[in-house]
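What follows is chain A paired twice: with chain B in the first complex and chain C in the second.
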Partner chain A sequence: MRSLRREPTLLLALLAIAGLVALFIVYPQIQVILTPGSTGYVDFLTGGTWVRPLQNSLLITALSTTTAVTLGFVYAYAMVYSDMPWKPFFRLVGILPLLSPPFVVAAAYILLFGPRGIVSYYVFGQSPNILGLYGVWAVQTIAFFPFAYQLIADVLSRSDARMEQAARNLGAGAWGVFRTVTLPLTRPGLGAAILMTAIYVLEDFGNPALIGGFFTVLPTQAYSLISGFGDLTGAAAVSTILLLLALVLYVAKIRLDGGRSYVTVSGRASSMPRPPVPAAASRACFVACLTLAALILMVYGTLVVSALTVAFPTNLRFTPVHFEYLTAQNLSLRNTLTYGLAAATISAGFAIVAGFLVQRGTWPGRRVLDFLLIMPAAVPGLFFGLGYVVAFNQPWLDWVDRGALIVVALIFWNIPVGYQAAVAGLRQIDRSIDEAATSLGASSMRGFRDVLLPMLRGSLRVGFVTTFVRAVTTLSLVIFLFTPQTTVATITIFQLVNDFNWGGATAFTVADVGMAVIVLTILAAVGGRRGLALGAARA
Partner chain B sequence: MPDVTPVAPITETASLRLDHVSKRFGAVNAVDDVSFEVPQGAFATLLGPSGCGKTTTLRTIAGFYDPDTGDIFIGGRRVNDLPAHRRGTAMVFQDYALFPHMTVRANVGYGLGVQGVGAAERAKRVDETLAFVGLTGLGDRWPSQLSGGQQQRVAVARALVVRPEILLLDEPLSNLDAKLREQLRWEMRELQRRLGMTFVYVTHDQEEALSLSDVVVVMKEGRVEQIGTPWEIYYRPRTSYVADFIGTVNLVAASVAEVREGTAVVTFGSQRASVRVPAALTLTPGTSVRLCIRPEALALRAPGAPADGVVLAGTVARSAFLGDLMRYWVVVDGREWIVDQPDPGAVSPFDGPVGITVRPERVHIIAEPS
Partner chain C sequence: MRRRTLLKLVGVTAAAEGLAIACGGATTAPTASATTAAAAAATTAATAAPTVAAPAKPTGRISVYSALNESTNNDFVKAFKAANAGIEVDLLPLAAAGELQTRIRAEKASPKADIFIGGDSSFHDGLGKEGLLEPYTSPNAKDIAAEAKDPNNSWVGWYFGIFSIVTNTDRFNKEIGGPKPTTWDDLLDPKYKGKLILPDPIKTGGGYIFIATQLFRFNKDEAKMLDYMKKLHANIAQYPGTSPQSIQFVSQGQFVACPNWAHDILTEKAKNPGIDLSVPKDTGFEIGAVSIIKGSKVLPAAKAFVDWVLTKEAGELNVKLSNRVSVRKDVAPAPGAPTLDSVSLVKYDRDFAAANKDRLLKAWQAAVGI
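Take a look at the complex of A and B:
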């Protein structure tokens, strides 16, 4: 690239980005893959302990993805196509699960349907064993259908309303238009949405950990190999299998949608008028959405009630005691906020600069850097976190603050969304804008700072919000990285659930989600009327 | 009359010099061994159809592309190794490329800010420049609140205010409607004269090139086809490509019969004419050439009417009324000639058999076998 040779600052920035990507994205992952060594892999693979978890993972991914996508599709279709009432309400309810750790659904599920669940025991007098395949399936369906809804609604709302109007004008009915025009046109996008949901399910650690029982999947096996047996080799091998599966899904997804890794989630309806659907269909949509929204609200309502009562569900007397406990044990919440804000700020900034260098650059090797910046979206949090343990949990690095390590892991694990947003934003800005700045005497970096950066505020916000939300909601990334001093809210919730301290766990969940809502509300207020864009988060 | 060129020949020091510049994109020779000079204070135009390499040449001068071979000199200094932002070449873009998040004032002041000019001085120069381009009072507007013509003026002001060594303009008028384009064309020329600044202007519009330029560089497929004053380009095209691209022309196959001092006797069809030979051309008898005759240099007359010069007998095939002139397509010996009749209201239209008068001094020879 011409300008790299002539503009040392540009070259330095590029080298810095490439170096950081190599150090914090490539190196830790290679370390994990290399950990078992060839003999380790042979021993592990012949040992056969991985076969069952692999089968389970594939099974549960197929089951949960199918149901989550089906429900998500219904919700999305209703939101985009029907003229049912209460759409703003349904939209808000649909956003809520994105702001909370998905595994809290498992906690609510236990409270509702467990051996002493309010529905199972106190309504029906049953003490069912909900642990296992069906429990995980039910919980993941509820936990991930809102994600599927966001992805599918994004795809559907991008379909061209004019084409649908034209088909209606040529005599097709509402369903006919959807079947013959909308579906064929949106098939790649829908396929990508399904694959992305499958990745979320495949990588889910918290729900199977809480409710899986003896139903072990790859992420929970990797975790128990380390926490139970200290078997780093086995955990690395299992995680590598998990990574390979996720990569296969992700590569298929990229082939379908070209690598868009985020959707815009905002509180407003799209203004595009759609051809009307029959009133009966709208009523059916309304009933379906009401049911699904009730399900979501039941989950979160249970958590709120549990947080505010003495001992849910036996003693429903109001008490603030759980929140007092929370203020006493506020280290993990403070850590979550600090790490989340720090990681979100740095990740968003880094992603924008990287997007600028890659999208505007003409130097060789930019395709490689582009791929490396997108890839973390396919890497299971568990694997990414394990990589940091293997690579950086070294005696000679003891002086490094473990909290800083978590922040760095959050920064680079969450690069893809901000990066993609930056690239998409830059594609909207004609190069003549940069060239105008250059021809007026500004160096490339100066032009970027003065001209492009202010125009990329939307992309910057996407990166920030997504990283922050994922930092607040992730369990799998930090499960190997935290120390007593650097614990975070999701870890505390997970530990409290495992201790059956439901009051504390739910109070922490409410505080964690509440914190995310407050930060995002402040951001939305500061950001004005642009609304919030947010990459779909996951645990 | 035909030997007069109304613009002084190039003698001043060159503000811009391209020396055997080439630029390839993959298999395409976008710019192929281009050399030319633009004197200080001249208005130079790169003219050609889309894909001829004119914009690539401009962007190479600006430093947005690196030439594969060849050198570029600005103000006598070789700039190949200077990054775009240190070349002193401000550019006006086809789509203006105004910064949408800055007011008009901030847009125009941007380059001064980069140079480190203080706020007071900057405000003064911005206001001066806005007044200069007729935008006084619009400084606090946003680009989106301006009309196309106003945006274009802001783009020019933003580039002018940094006092570049050379102002580069990439089809700056092509997004405007015809009337406005013509008005701004004059403003641009006026501006350039007043500032005495070197302009390099890219256009595919031959009328724009002729009316604005001191020097026109006609390009074709990455190569320079001809460099000259508008007058030379129009009346003394070196190739039939240039003749055909600039305006309408009759290109007639002919053969050289005799060569005398400065003139040649050429035969075309059954006609003979004695025609002046361009200075750069050496002809030998028997050579095939092309005769370049502009439609307005021909005249129609009733068949058999007496006339000077060569008269071709033909038949009007069709005609078109274009307002300021009447255009006739006349078939002579199976070949169509285009003849323009000025002030069509003064005579009654021709039809049927006619005579075309060719004045030999208005015939230009192109050394190109047909």
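Take a look at the complex of A and C:
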């Protein structure tokens, strides 16, 4: 990338991105953080009620991140390297856990594995107490492995087969290649995966709230402070602690990465195939993925059966009646689809451009922008939404369309994963490739558009998929923002659950998740065909 | 208000559209201006002679924040519109009064709601004390007992909810046995260990009313109340975040019993006869309230809504839809529903409960260690 002074378009793009980040990420958060005033913070911090939630948060983050990233790595390796069958099926199942509207999925876990759970009690005769640390750990592992899987798979798919072949030719065994070549080269993806998973676990509110029992973590404590005590001071202080922890994780990741190079895509073309993975490894991958898929499908199966029966699990007679809510409440489904698509498209595009400007740039202060683009992941949705209300619900802004405001909130709240994917992807691509374009006379932006962007399609997809699925399943972000005309599916689900209407709630969930699955399937079909044209980058 | 109205009237169509969007979107610009003008006129009239009714029937589009159940909402609004031609309703449903309260607070720079309905009066009272509600005395409130009304008129009660206990019949008979609990102390039986749940006192109105009820049962002796809550905690498996979810858990048989709202228990019992309702001695109750948000631009229509909520017709409809008890003496309770006269009530000091809420909850948190 050339200096900013010589390329005004680059400077303009950078200023635009920095301005939008300041307006839609920093400003609303400052509104929340500054509300209490300094004495409020001091009182709260000396009160010490945050100590145990902090300890719990750190513990669960360490546990869930370890298991979720391990599982994500195995899944990604199986998908990219192994020769296991049914890959399209596993690709879909691998992102299903992201499609978990709050309340409903956790409720399904309790139906299956609770004290009188269908599996735990009626199959195994056990009456376990899943509420608490172990329940949260298990559910978070399943809920968050898709982030790790997506980020790692994207990096693995771009790793260089020649290095692995070279290692093979020099006499390394399959395990040796994996340990000394494959694993080290995934470090940018692994680092991004650990960082993102840890931050999302840290911020997770829904799972601890529903199956945490007495296990209080920082987000649940903040929620209690806000909704029980109307204590914005304490809640903002907890929110600030979360942001500080995210900052610590971020710095740790930077240190971990060090200044090493992870370039696997250089100017020299390669069409060498990967060395084959041993058949036993492929079989093991298949079994592992199948087990996980069975568990995930059981949860979603419970929802489908609930939606189609009179009163699950007591009355299993078939009925289509619950789906009548779809016609009565189709506005919320339509809004969800519109907002999700709009937010995902813009968020993914924004993340790639921002990733390019930060990763390839040499301008001062880019570490700050880098962190600001990851920070929203550490902000619980409830606070992000609250910040938007406090900042933007002003008389002189009453002309702003609320649907647009929800879309903007979704874009910026969900940027981190797409942005991380873009940065990890760019780190694999040799600078000489875009420099070749610029030295041939192209502007930096043109080099980005015509050379880098086609190679970053995978990262773009990660950003789109993550934003889209989070947009269609978030409740906490929209709870302060929605209006009668801009209501969304999760609000309807929440209402039906609280109206003793499990059938209606699950029917709506099935429709919501089904709609998202259809969108993602279309995307995979379109993206897959385009992907074939990118043989060089995909090796 | 005056200045803003003027701006809106002289302003270009954009301003009127802004208002339309703020109120929900579908209104056309001319209607919005007309409404504003009518509201301004009516406000002036009301200030001059507060007791004289508006000459014309109020019209406009009101925005209602409702914490009522989803099934209650729809039929309720439909009936209101049938009785008040000319008033359109934009309903924002969220069965979580605490969140609605926070939202109204967060929106105070430019209020988006005209009416806040449902939830215990404490959620309304807090907003009223902060000056976010428009005081109003409905002519229909005169027949309602003083204890169900705010002395400052910022809210008015229109239904009662009685706290009671839901039990899973099958599990209760097998694992606890004997008669259903008749006192709160019955719940301290060690047989309940790990089988009892209580709606989270911090996140739910019901959970806090439970704590306050215990306090008043012990004549405001906080040490005794905390001791009771500590002993109860030994039996509690979880404090779920919403009251309806707690009933669902008992209905599924995940847990044996849970203190909860009588009307909601009856609603679930209609679907699953395998649960039972019992009202212990010395119980507490909530006053479901309705209030007008300060800054409403369609005040006459908002007042018409409150007037209608206090009618016999609305009371009967609410009984039918949600099994709640109307504050009106001339509305019969739902079949099988306990009423304030039929149960033994604790001497519930609502002002004390509201004024000491934060302190008591923090004391409770410290006592049980969560």
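By our rule, the second predicted complex is superposed on the first by the 299 of 539 C-alpha atoms of A that agree within 3 Å, B and C clash if a C-alpha of one lies under 4 Å from a C-alpha of the other, contacts with A are read in each partner's own complex, and residues count from 1 in each chain.
The working rule: a contact is a pair of C-beta atoms (placed from the backbone, for glycine too) under 8 Å apart; a residue touches a chain by one contact, two chains touch by 3 or more.
Bear in mind the structure is a predicted one, so any value in this text is a computation, not a measurement.
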item	value
Partner chain(s) touched by A:201 [first = chain B, second = chain C, both, neither]	neither
Touching partner for A:472 - first (chain B), second (chain C), both, neither	neither
Contacts of A:432 with chain B and chain C, given as first, second, both or neither	first
Touched partner set for A:6, first chain B, second chain C, both or neither	first
Which superposed partner A:373 touches (first chain B, second chain C, both, neither)	neither
Which partner, chain B or chain C, touches more chain A residues	C
Partner chain(s) touched by A:390 [first = chain B, second = chain C, both, neither]	second
First, second, both or neither for A:442, with chain B first and chain C second	first
Chain A partner contacts - residues on chain B that touch it in the complex	62-66, 81-86, 89-91, 93-95, 97-101, 110-111, 114-115, 158-159, 162, 168
Chain A residues touching chain B - in the complex, by the definition given at the top	2-3, 6-7, 430, 432-433, 435-444, 446-447, 450-451, 454-455
In the complex, chain C residues that touch chain A	4, 14-15, 17-19, 21-22, 24-26, 63, 69-71, 90-96, 98-99, 101-103, 105-107, 109-110, 112, 126, 171, 194-195, 200-203, 237-242, 244-245, 247-249, 252-255, 264, 267-268, 271-272, 274, 358, 361, 365, 370
Contact footprint of chain C on chain A as seen in their complex	49, 103, 107, 110-111, 114-117, 129, 131, 209-210, 213-214, 216, 223-224, 226-231, 311, 313-314, 386, 389-390, 393-395, 397-402, 479-480, 482-485, 487, 491, 494-502
